[in-house]
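One structure, as structure tokens, below. Some questions next.
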Amino acid sequence: MTASSGARTITYSRAITEALDEEMARDERVVVLGEDVGRMGGIFGATPGLYEKYGADRVIDTPISEMFIVGGAVGLAITGLRPVAELQFADFIVNAADETLSKMSKWRYMHGGQFRVPMVLRMPEGATGGGGAEHSLCPEALMLSYPGAHIVVPSTPADAKGLLKAAIRDDNPVGFFEHKALYATRGAVPDDPDFVVPIGKADIKREGTDVTVIAWGRAVHWALAAADLAATDGTSVEVLDTRGLRPLDTDAIFASIEKTGRVVIAQEAPRTGGGASEISAVIAENVIDLLEGPIKRIGAMDVPIPQNPALEALVMPTPADIHLAVKELVG
Amino acid sequence: MTDPKTKLDIYRTMVLAQSWEQALMRLIDENLAPASYHPGRGSEGSEVACTMALRESDYLLYDHRGMAHIIAKGVPLVGLFGDFLGNELGTTRGYGAGIVHVADPDRGVLGQSGTLGGSQLIAAGAALSAKIRKTDQVTMCFFGDGAANRGTFHEAANAAGAWKLPLVFVVQNNGWAVSVPTEYSTGGAFVDRANGYGFPGVAVDGQNPFEVHDVAVEAVERARNGGGPTLIEVKTVRLLGHYLGDPQAYREAAERSTSATRDPIVWARAALKESGEATEEQLSAIEAEAIEQVEAAREQALAGAKPTADVLTEYLYV
Amino acid sequence: MTASSGARTITYSRAITEALDEEMARDERVVVLGEDVGRMGGIFGATPGLYEKYGADRVIDTPISEMFIVGGAVGLAITGLRPVAELQFADFIVNAADETLSKMSKWRYMHGGQFRVPMVLRMPEGATGGGGAEHSLCPEALMLSYPGAHIVVPSTPADAKGLLKAAIRDDNPVGFFEHKALYATRGAVPDDPDFVVPIGKADIKREGTDVTVIAWGRAVHWALAAADLAATDGTSVEVLDTRGLRPLDTDAIFASIEKTGRVVIAQEAPRTGGGASEISAVIAENVIDLLEGPIKRIGAMDVPIPQNPALEALVMPTPADIHLAVKELVG
Amino acid sequence: MTDPKTKLDIYRTMVLAQSWEQALMRLIDENLAPASYHPGRGSEGSEVACTMALRESDYLLYDHRGMAHIIAKGVPLVGLFGDFLGNELGTTRGYGAGIVHVADPDRGVLGQSGTLGGSQLIAAGAALSAKIRKTDQVTMCFFGDGAANRGTFHEAANAAGAWKLPLVFVVQNNGWAVSVPTEYSTGGAFVDRANGYGFPGVAVDGQNPFEVHDVAVEAVERARNGGGPTLIEVKTVRLLGHYLGDPQAYREAAERSTSATRDPIVWARAALKESGEATEEQLSAIEAEAIEQVEAAREQALAGAKPTADVLTEYLYV
């Protein structure tokens, strides 16, 4: 993190807008495209004002054509531009899966390094009550078995801004997951226009000594809430925010576990097949000897997200679930 | 040509859908149902008039805007309220709420894909199924001008054209996909796309549901008789926002007020009176009856029990 | 496994054909669709003769429209048929990802159980030399975070036939991955026309006492070869074939680990984000106390599969890799 | 109208592609290159004649069949052999082999999507890029009749039509997608699909490369001058199997022999002689020169070193 003189308190959503605005101003190759990103400013209000400022050539309202949004962005990226494409909901990654997992992620490698694919794919994610099985997902882990792109998931306004700026400046493709429930959250963000957060560096969001809770995106906040709960039991929880899934900062993870000897991994996605499983496997492969107990995963129930908000709430993990796992570990 | 009785039926069903939607809005105001809904005001003309060309055993893939097609297919209102209330009386037994996945297999209502365009493929499959099973069922699939630009349409339309499937595509062109004007995001005209797949395309004014019905009856009959698919492009309007509470800052006042003059319910009412096919008394009676019907359904639906945690895994694996 | 009187030695590919043929004969609702499955009998020769026997209405050569193949099959399945759809290469699951992961897997749940989706999606998988990054994958794990469908991966002709028949008779959707490199392999298959292999039951393909190697699909054969190598060191390896990823037979896995205390999980997919990570996490969460060492994962390098067969070979895991992991575990 | 010099250039390039393919077959016979290849014999007419309407700075998205478009765009033959041999002299530096991902950014050759249709989207993106960057580059995208039925085409064509992108789609309709006849899997005619996206479609006989060239030149000029996209449907033939060694049991002898009479190279040779635009000597000289050129490239390429394990992660992350 670059040092900065001042800082302002802004929302996560505003942080995204500022990152886009500043990078568009800095580099005219940066263009934004997606459904309703232009004149409407995005259905979650993350891109207001850009259309007015940069015009229809650089802020492109697309047809409802997710394959074109991502595949077209690859075409833009290999011909001299630096597109920031948006899928209106992260769930729609499955509507452009070949384009994301094969074209965006592999075009450079498949062609022997002859191209770079400097693009960012923004994907608003998460369950926020009533979205149902196709508008509520946190599908970050889908990208894991398709190497080639970074996977970034910010949890705070500062991270959102700093990571998005880093992603736009990065010559690799980046899958960038923003949590819809975080858009309205506020936090201090440095003023420095060159403030970037390096991709792939974990951040200890709270120090602790007894149990490490690993999380990213919204689950970081659940982990922090669980740490508060655990503190009342006299348990000291360290919250490690991976800030995404690739690159994975295994050094930071192993160092924290070395200190605590106990680990819970918390995610919003269903327990099975998510980032938590991957991180668990990395730990069990490399530092199992440091552990004093099982590696616990917290995630949503392994069911499609029901559309009824009351049922959705029953399916989602909670700080209490994380707290319980922590308690079980400290015995 | 739509006969007077059918015209009245169309009017009755449009009014029923409108009343239902008004009652839903009230439920939302009262915080009894979640606010995520895409109001259907303006497109009842195409939804009702097209759907009424179907039989009960025919298949319907409705779209996300409004509920008029679902109501026209005969799904009980109590079930619809139950879906929005998220209780056991809903067609989905409490799973759905908000922009729902209404389902009624007995009436051929095959559900909805939450990702736009998904239903186009399922519709093509359902139409192929009827062909394989040698029934004379017709499938009708609704979607907006925005969803018409997803690649799913191409794959569905090509298969339908290649195999002359009994399938009627209804493109509800209301000029907008959320904030994006159709002409900005669309090359050419939807109606002209049909020809490229080897089947007829017909454009029709959605303000006039009787004309829409004529077109739909012809398309459904063609499909039923082995003549293959049809694409109907209905020029319609979105009287309200994309979703409830949409400030619509992207929309000019002039365009909104032009749209407002094209309400199919208002038009049909005037036309029926003008032609003498209905009297003011008849029309008022229809309207009153609709409100009554809706009220009764609403009351009944409110009594439904909320689902409990044990349903969460009930319908996952057989 | 139903007991059977006789058995014949046939190929894995023939086993697939027989399963389709028998089930089509038994139940006229079963229809087959996919690219070139009809008059050509499939590009890997897995569906010969069906078109001639059952006609164009039940053996359907589709356009090159993967979204239609899967989404259309969902339409067939909810209106009274029992489709067996094929994606010509398993890699193309990303070309029909919404249809597979959301429509096929969730249609029943999203609609409150009002429909059943009795369909099988056949996907020939795996690297066989020169297919490159888009025709060589084993993408089974992609389905893990999308509950609703079974994930089946047979390793032998008997399993191929018995599991495919079970899948066709099952009222759940099933993702069925056949390994292209196994099509020509031979094995004994029971004659009994009602021979089925229950979905979700692991099979101990070789008994052993020192180390458990967990695998599925082609990797089972690598595990068996590694077991031979280990035997020459005096190490007794148990090879547990999960036969797929969902349902996962955790009882069998835990029982084997209870016996051996050491585990290697081998897959063909890249090491990161695959079934091995999931299984590792399940073990580390539930039976970590039974382990005498780390949980080792063997998989392909985390790179897109290079098209050059010589490079592909360098990327793929081998029996020697599994053997080495076994040696490291027994110390 | 294609002038005589260009006609000879087209002939020369077709013959070069044919000679190159023959040399590749020999490499495969000799077990020096992997056997997975989709021979291009029969479609050189469209590939060469269309591509030659482009400038070097224009973009090309070729397809999986044959290499004639790539050769026509000027990619050095050594690089192509290197790609099949999988050595460092390949355009992809040894990564590729078999049905390759040839790339040559300096000549606008943007690579290939191994999943059919993927290139259509990338082509639309490249064309949009030229528009945004205000260059006058044109993008040309080839694909077969089979790939034309993927939903990717719809999304690419719609965007191209909506925004009048400088994009030329070339549908190489050879009547087959592997074993499936085009008419079985396709509704309507490809050429008619263009109109539905608001741009012109032209059908042309691929046996006559000179006519194809006329059509392509017109389309490229229109694109360059802001007139938007064109879809060219070339009626062509697949003289050989889908892949090398394909027994083609699905194909009737009669259809195969009719196809065989439609070889564009044979046709062009006869036409050039007949019209007096070339003499037997000139044509023979072109043919001999092609073989020589190919031989020289082949020899050079065979000397390339095989890549080693260290390249495996070289091009993954920057």
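A, B, C and D label the chains in the order they appear, each numbered from 1.
Here, a contact is a pair of C-beta atoms (placed from the backbone, for glycine too) under 8 Å apart; a residue touches a chain by one contact, two chains touch by 3 or more.
None of these values were measured; they are calculated from a predicted model.
Using the contact threshold fixed earlier, the set of chains in contact with both subunit B and subunit D is A, C.
The greater number of contacting C-beta pairs, out of the two interfaces A-B and A-D, is seen for A-D.
Between the Cα centres of subunit A and subunit B there is a gap of 37 Å. Taking each chain's centre as the average of its CA atoms, subunit B and subunit C sit 41 Å apart. Centroid to centroid, with C-alpha atoms defining each point, subunit A and subunit C lie 31 Å apart. Shared contact sites, meaning residues of subunit C that touch two or more other chains, fall at 62-63, 65, 67, 91-92, 94-95, 98, 102, 109-110, 132-134, 147-148, 303-304, 306-307. For subunit B, residues that reach two or more other chains under the stated contact definition are 94-96, 101, 113-115, 149-152, 154-155, 158-159, 162, 184-186, 316.
For subunit D in complex with subunit B, the touching residues are 149-155, 157-163, 184-190, 192-199. Taken in their complex, subunit C has these residues touching subunit D: 35-36, 38-40, 43, 61-67, 91-92, 94-95, 129-135, 301, 303-304, 306-311, 314-315. Residues of subunit B that touch subunit A in their complex: 34, 36, 86, 94-101, 113-117, 146-147, 149-151, 177-180, 184-186, 249-250, 306-307, 309, 311-313, 316. For subunit C in complex with subunit B, the residues that touch the partner chain are 31, 57-58, 60, 62-63, 65, 67-68, 70-81, 98-99, 102-103, 107-116, 147-148, 150, 170-172. On the side of subunit A, the complex with subunit C involves touching residues 91-95, 97-98, 101-102, 105-106, 109-110, 132-134, 139, 141-148, 269-270, 272-274, 276-278, 280-281, 283-286, 288-289, 291, 293-297, 302-304, 306-307.
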